[in-house]
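Take this structure, written in structure tokens, and hold onto it; I'll ask about it next.
Note that the chains take the letters A, B, C, D and E in the order they are written out, and that residue 1 is the start of every chain.
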Amino acid sequence: MAIENLAFLIPLLPALAFVITFFFGKKMYSGGALIPIGAIAISCIISVLITINLLQNPEEVVHQSIHWFAILNLGILIDPLAAVMLSMVTFVSLLIHIYALGYMSHDPGKSRYFAETALFTAAMLGVILSDNILQLFICWELVGLCSYLLIGFWYQKPSAAAAAKKAFLTTRVGDVMFLTGIIVLFSGIFKVYNGNLPEGIYVLQFSEMFNLIPQLSAMHTTILGFEVSQLTIITLLFFGGAVGKSGQFPLHVWLPDAMEGPTTVSALIHAATMVTAGVYLVARTFPMFMGAPDALIVVAYVGGFTALFASTMGIVMNDIKRVLAFSTISQLGYMMLGLGMGAVVGMEAVGVSMFHLINHAFFKALLFLCAGSVIHSVGTQDMRQMGGVGKIMPITFITMLIASLALAGFGIPGTSIGTSGFFSKDAIIETTYLFAEHTGNYLPYIFGIVAALLTSTYIFRLLFMTFTGKPRTDYGGHESPNVMTIPLSILAVFALLFGGITKKAFNDFLEVTFENDFVHVSMEHLAELGNYDLVHGAGHEPLFILWLPVIVGVAGLVISYLIYYKKVVDMSTIVSRNNPVYKLLYNRYYQHQIFIELIALKITYGLSLIGEFIDRKIIDGIIDGISDGTIAIGETIRKVQTGVVQSYATAVIAGVGLLIILLKLIVEVQ
Amino acid sequence: MISMPIVSLMILVPLIGAVLTLFSKTKEQTRIIALVSSLAPLVGALYMIMNFDSSTPAMQFVESFDWVPSLGILYKVGVDGIALPLVLLAAIVVPATIIYSWGEDKQPNQFFALILALEAGVMGVFTSLDFFLFYIFWELTLIPMYFLISIWGGPRKDYAAIKFFIYTHVASLVMLLGIFALYFAAWAQSGIPSFDIPYLLEQFQFLENTVLRDSIFLALLFGFLVKMPAVPFHTWLPDAHVEAPTAGSVLLAAVLLKMGGYGLFRVMLPMLPFTGSPKLMISILAFIGVLSILYGAMLALAQTDLKKMVAYSSISHMGYVTLGAAALVPLSVSGAMFQQFSHGLITCLLFMSCGSIQHIAGTRIIADLGGLAQKMPKLTVLMLFGFMASLGLPGLSGFIAEFLVLTFAYLTLPGYVLLALLGIVVTAGYHLWAMQRSMFGVLNEKLGHLHDITNYETISMGILALLVLYFGLNPSPVLDMMTTNAEQIVSLMALAGV
Amino acid sequence: MTNYMLLAPELVLTLVALAIMLAGLFFGTKHKNILGYVAGMGLFAALSLTIGGLAVNETLFYGTITIDALSQFFKIVFISVSLLVTIASIKYTEGNKNTDEFFTLLLFSTIGMMVVASANDLIVLFVGFELASLSTYALAGFEKKNPKSMEAALKYFIIGSLSSALMLFGISFVYGMTGTTSIPGIAENAGALAASPIGLIAVVMLIAGFGFKMALVPFHMWAPDTYQGAPTVISALLAAGSKKMGFVAAFRIFMVALAVLSPNWQTAFAILAVITMTLGNVVAISQTSVKRMLAYSSVAQAGYIAIAFAVMTPMALAGGILYTLSHAFMKTGAFLVVAVVGYMVVSDNKNAKDIDHLDNFKGLAKRMPLTAFAMMVFVFALSGIPPTAGYVSKFILFSSTIESGLVWLAVIAILNSALSLYYYARIVKYMYFLPAIGGKVSEPRPYAVAIILALAGVLIIGIWPEPFVYWAMEAAKVLMV
Amino acid sequence: MLNKSINAVVALLFFAVVALAVVSTTWVTVDELPQNVADQSNIEAIGVLIFTQFVIPFEVLSIVLLSALIGAIYIAKGEVEQ
Amino acid sequence: MIPLTYYLILSTIVFTIGLYGIMTQRNGVRLLMSVELMLNAANINLVAFSSYNDDMSGQVFVLFSIALAAAEAVIGFAILLSIYRMRDMIDVDNINLLRW
């Protein structure tokens, strides 16, 4: 039996594990953790086997589909893009689950934890495997739900409950855009077929969607005076969804707060997997973006800006996990930036960006797990209370150092020597340079370079503040158990080596994502639709350009070293509430105030209170007024009945007289 | 084969059950009789579904005989793809409610009898094919509900019950006016007096007078919209819900409101193409739908009472029904029908959650709650499930309905749909905010001793949750029935040349 | 040859009445109870005879008496009401030494109403009217130690005689213009009346005369006082029986005799109907005495029936006629319930005041479940909620109003019936939702039987309306010649 | 007195309306009344009418009188005994 | 020949006096008298019409009407008598237990 036929098990096994663990986990060993671990391990094996098969024949993608209801289907598609994602997600998820065995061992709700993470993994795998946009959206939402549940895992903490809500709501804004995108897309398809959808074809399958790109891009609507193609609208709406899920500006606000969940959750969801769903979405629908270069530019700018913007905040955070959270946002920004270069480099944009995504998953998971290890041992997340942790936790320190180097992108250009982050990030920066050369627009490139400097600065600041120097408080920790350090070490190996080993193969593998049995899209053709040319020839940039990212990385290291290790500058003067720049950064550009207090509370809640007033006072007031008025009239009229019989007689007689006159008048009028 | 009068039995069995329950002696006996006689319609509904031919929009299982021949009144019942899912819904919700209310101590025999009487009325509304009969059942549902609110209700039950009663009664009467007008106009037209619904709907298009047609349409529409309820005719609903006992709220939201939507599909849509200005009517419907969605969601956000919030969420969700119906695209119409079905299940779950909280914690004011999840994990899971379903989480039935409505309504009413999409965020907002403040966070010590929900409550809510999940993953069983009828309804538009 | 059998119901009742009167002289107070049963049997016999003669259409005695579907229908109404009242009165008059007078007068008033139903001549009509009135004047004052009862009788009497005088005055003009008292004769000669101003005067005076019985505003003012003060069983008779006499007389006079003047009286009835139902309902809302509330409700109901005159289509007439039958059962039942509650209150506390106060209905569902249920059905029927007689009648009546194009009238009527729900539901609320102030009480059997019969009537008409609708239509045909 | 003046106005209104109608109506009358009234007695004619055409009202009238008798006696009767 | 209208005006005047009496008189006996006046006004009409139409039924009607008026008066006086026993007065405007 071919392994492909088992593909459906990949998301199903973790889902089953969720059911079993959720309902029966409490009575099992370690909260039933072994069931999800086993399930994910099998999924991981299947994924890797399929990926290996696929590496041989990239055209023979796995595609299975069944009818769902109405005009919709459920299906599985494993092409190179999905394959690498699958392997990465199952693998990282597996490691993190194993790590959590130790990390969560004392938590009373651990069976719930493992159930939810299993569900999360299933949902994420569902996102990756979907062969149609709607199924992708469904799993996408489930991922959001799991994130909500896991961020709010310690629900008794008000801050955790609030963070969970914020995460769900913020991503929901993006989701609505995504859904709108699907709706607009469907109506576009509907129009293409003139209202007669062909029988037996599921129009929301990617293959069908991509086939209709030319027609969609030919449809134009006018919005606010601009003539925009339908395709641009759809892709921008899809990107809106990605912005929410992948924490891009301005919907990134939930991600730092999401650190309220257990650290393993942060590692799993908010670093390695879930947040990359947005990037994956853009990559998955990349042919559509290719047909709409305007949308790609937006992707690039948003990504680039986010990369820079988030890293500025990373510098001033004192919470170890928050630094990493901003780092995640920033790195996701890089990936978007990379994708946004598609209008120049074509499929290579997907390659570099996905490459960074995979590498980032390894080193960011590692960073979080190391941080978790530190927190587990030290009992605080505030770096100001740490210091000198490296001495008591050597393995953690070393793995953390590797991860930091990878994040900062240390390596030697032109060779295969370097951390994995180096290869992928450099590749992105190189493509931005290509873009700049080609279009004369240097802004994305500048974003990338400056962000790289800041990245290096904040991550080494974290390293110095946490692991070096003397303990600033009396915490008394110890090295974590093996069940935690072994996953760390495995991840460290990947963080260090994966990039260098797979660099070339990876790109080639992804290059053919959209050219196979299931879907065949010609990038050149799309470029024609979008009115631009594709450029080939990355890697032929001037030496200076190749070295610049490394140089700024080292510069960042030096800056941190001087300030946080050597303490050449007295930080207390800068770190002060009177310093407006620091204040701005520390308060995260007042996003909380803007999003929560202004938009959520003042405007939305205010509007709803006005509605409540209308309901109670005006609508109900009218209704109650009618009833009260009637009763009052009744009370008045009944007094006419005085009880004196002559008055009754008078009424009769007057009635007769008046009736005669009235009738006379009416009859005469008639 | 002489077929069993299955539809009549589904009306009659609960009614007989109600009488038996009323006169039963012990609490135990009462509950068993109630459960058995409410399960009988469920068996009937399942039987009908199994033998249902979803490839035809025609009425099936029809029973008909003359009732008042001098006025052309028939006793005629039957089901089609519009009615059967709702019959099924009622047949599911009522037993669930009875199981949920297993521990009811206050006059249980009357309580269960009223629930069963309500079921009979609702079954009658969904199956009758004669306006006279339809109206009788329509009004009959009012009385048990009035009693449920008035006897087992909360502190302001008097106000709420009478408001519910009179408000909806006025609407019904306006609807009755419309029925009269239609009846006589058709009589004058064809010379045959008849209250037969399909016949009258068919005759409607031949009426010469445009103003008459529009007035009939609007009068009937008003009756149904108040029942749904649609903004701005909704204010009876929150009051009724807040004061009603849990079982009452459940039935009110899950079944009674559906009568309004049912009327929309059964009566209004087939008429709509033949009104004087179908475009205008569609705009009115769509506007009311979107207004309900947004306004209901906004108001839900402002509520301090959990149950009231759910009540407003019902208004918001029923807005999708109106919107989907107005779009007149086959799948948007069947999406709207599915929304009725799905909302019935989901809202049932939500009101049960609210009821349990009220019952155990003694209050539903969100600000007075907090941290209940620590003491009531089962309830929290079920309630969270319900909330997620309600905010349209994919994989659950609410999403299917909302997706179909939004996607297909966009084809004809893009502007309205875009506005409605805004509501989704607000919907998520109030659900999550309420969840955060009531179930999560620090346990409010003032609440005293708390325990988790009983097994009966868990079972009934669990069954509902499973159904929500089932129909979320596999909507075809009910959706296919609806689609045939939806297509037929929409085809009338073409017939009218609109 | 005159078929005297057609007058058998009246004859039977007269004989029974006389027999009771005579028997009363010889029976001791203890045994007078049996008189009630005799009266009941007499009424039952009359009812059977009347139903037996349903399909007849004949005029007797030189054309002064007509037996047709209309008269038979109304006779059934009158006899049914009297029968119910009689059954209930067996308990009411228990131990009263004037039982014989009570039942004699009751039967006489029934005969009076029946004569009116059959009248085909103004003289017969007037005499019948007076017979029914005079007997009921005395009956209203039957509790002669009770100042309220006497006051009720006095007010009823004064306004009644005023109305009689007005009616007679009106009749005199009709006679003057047409030269005959025979109803078909008037119909032939009414052209002159229609052409002259005096026609309008005559019509309004007749309306005032009948309006007094029907309790149309502004001729209704005696009604609340009298219904409240009179013995409750008699209130039932007045509201359910004697009120209908006004309608049947009006049907005959206006529809048949004065049909050519229809522009006048149609408008008049439309105006009066609107004022009557609105005022009746609005004022009923603020009443605390159930009897008074029912009285106003009865005023409002008269307003609904009066719509039939304004619409004047066969369907509307059938609706109006059916409504009288339904209303007879609903109203009798409701008043009898009040009577039972009064009995219950008095048996709780001999010196109870305000025995018809709404507070006495508190928790009635627990004290007397059957009565409470019946009352609920009656009030819901009165407000027109299916599946009751009230619904069917309103359905036909209002729908025919729409048919004839008087949509505004139908809308007002329908809003009024929604409004009426407010106070009807309040009674239900008191019975079912408020705590009881005493233990369970079992209804005296006669009351219970009467109430169950009324309940059966209300529900049977509601659920199986076909025969009743048919009869009502047949009766309406008589008027549409 | 206000009350009385209202009553007077009502009465006058009534009178005015009826009188106006009476005056403005053209009454159909026989050409000439019988000249010598004393000559012809109408008692016989009345008697015949009462016992032929109007026998029913006559019979009913007897019941009316009986009923008035019973009613009046019952109500007016003083309660001599207990 | 006296025109018919004269009789009619007379009867209308009598009727109006009766009406005025019923509206203003407080004494129950006077009320009854007023009612008799009104009935008699109608009787005048009937007799007048009967003569001028040469139709006997009007006069028969009057006979009936007179008998009925008597019966009515009997009942009326009985009620007044009973009230007088109870209250020692028959001023109808004080009899207002039942109102509103």
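Please note the rule applied: contacts are C-beta pairs under 8 Å (C-beta built on N, C-alpha and C of every residue); 3 or more make two chains touch, one makes a residue touch a chain.
Computed from a predicted structure; not experimentally measured.
> Go through the assembly and pull out the chains touching subunit A as well as subunit D.
C, E
> Of the other chains, whose C-alpha centre is the longest way from the centre of subunit C?
A
> Applying the document's contact definition, name the chain pair with more C-beta pairs in contact, C-D or C-E.
Answer to which pair has more contacts is C-E.
> Determine, using the mean of C-alpha atoms as each chain's centre, which chain is farthest from subunit E.
A
> Select the chain whose centre, defined as the mean of its C-alpha atoms, is least distant from the mean of all protein C-alpha atoms.
Per-chain C-alpha centroids compared to the overall one single out B.
> Measure off the straight-line distance from the CA centroid of subunit B to the CA centroid of subunit D, and report it in whole Å.
Roughly 66 Å separates the two chain centres.
> Approximately how many whole Å separate the CA-defined centres of subunit A and subunit C?
Going by mean C-alpha positions, subunit A sits 77 Å from subunit C.
> Calculate how many whole Å lie between the centre of subunit A and the centre of subunit B, each centre taken as the average of the chain's C-alpha atoms.
Once rounded, the distance between the two centres reads 37 Å.
> Provide the C-alpha centroid distance between subunit D and subunit E, rounded to the nearest whole angstrom.
Each chain's C-alpha centroid was found; their separation is 8 Å.
> Pull out every residue in subunit E that's touching 2 or more other chains.
Those would be 8, 15, 19, 22-24, 52-53, 57, 60, 64, 68, 71-72, 75, 78-79, 82, 92, 95-99.
> Touching at least two other chains at once: which residues of subunit D meet that condition?
Expected reply: 7, 10-11, 14, 17-18, 22, 27-28, 53-54, 57, 61, 64, 67-68, 71-72, 74-75.
> Would you give the residues of subunit A that are in contact with at least 2 other chains, written as numbers and ranges?
As it turns out, subunit A has residues touching two or more other chains at 627, 638, 641, 643, 645-646, 649-650, 653-654, 656, 660.
> According to the definition of touch, which chains form touching pairs?
Contact pairs between chains: A-B, A-C, A-D, A-E, B-C, C-D, C-E, D-E.
> Considering the complex alone, what residue numbers of subunit E touch subunit A?
19, 22-26, 92-93, 95-100
> Using the touch definition up top, name the residues of subunit A that touch subunit C in the complex.
Touch residues, subunit A against subunit C: 627, 630-631, 633-635, 637-638, 641, 643, 645, 647-649, 651-656, 659-660, 662-664, 666-667, 670.
> With touch defined as at the start, can you tell me which subunit D residues reach subunit A in the complex?
Within the complex, subunit D contacts subunit A at residues 6-7, 10-11, 13-14, 17.
> Can you list the residues on subunit A that touch subunit E in the complex?
Going through subunit A, the ones touching subunit E are 638-639, 641-646, 649-650, 653.
> Residues of subunit D touching subunit E in their complex?
So the residues of subunit D in touch with subunit E come to 3-4, 7-8, 10-12, 14-15, 18-19, 22-23, 27-30, 32-33, 42, 45-46, 49-50, 53-54, 57-58, 61, 64-65, 67-69, 71-76, 78.
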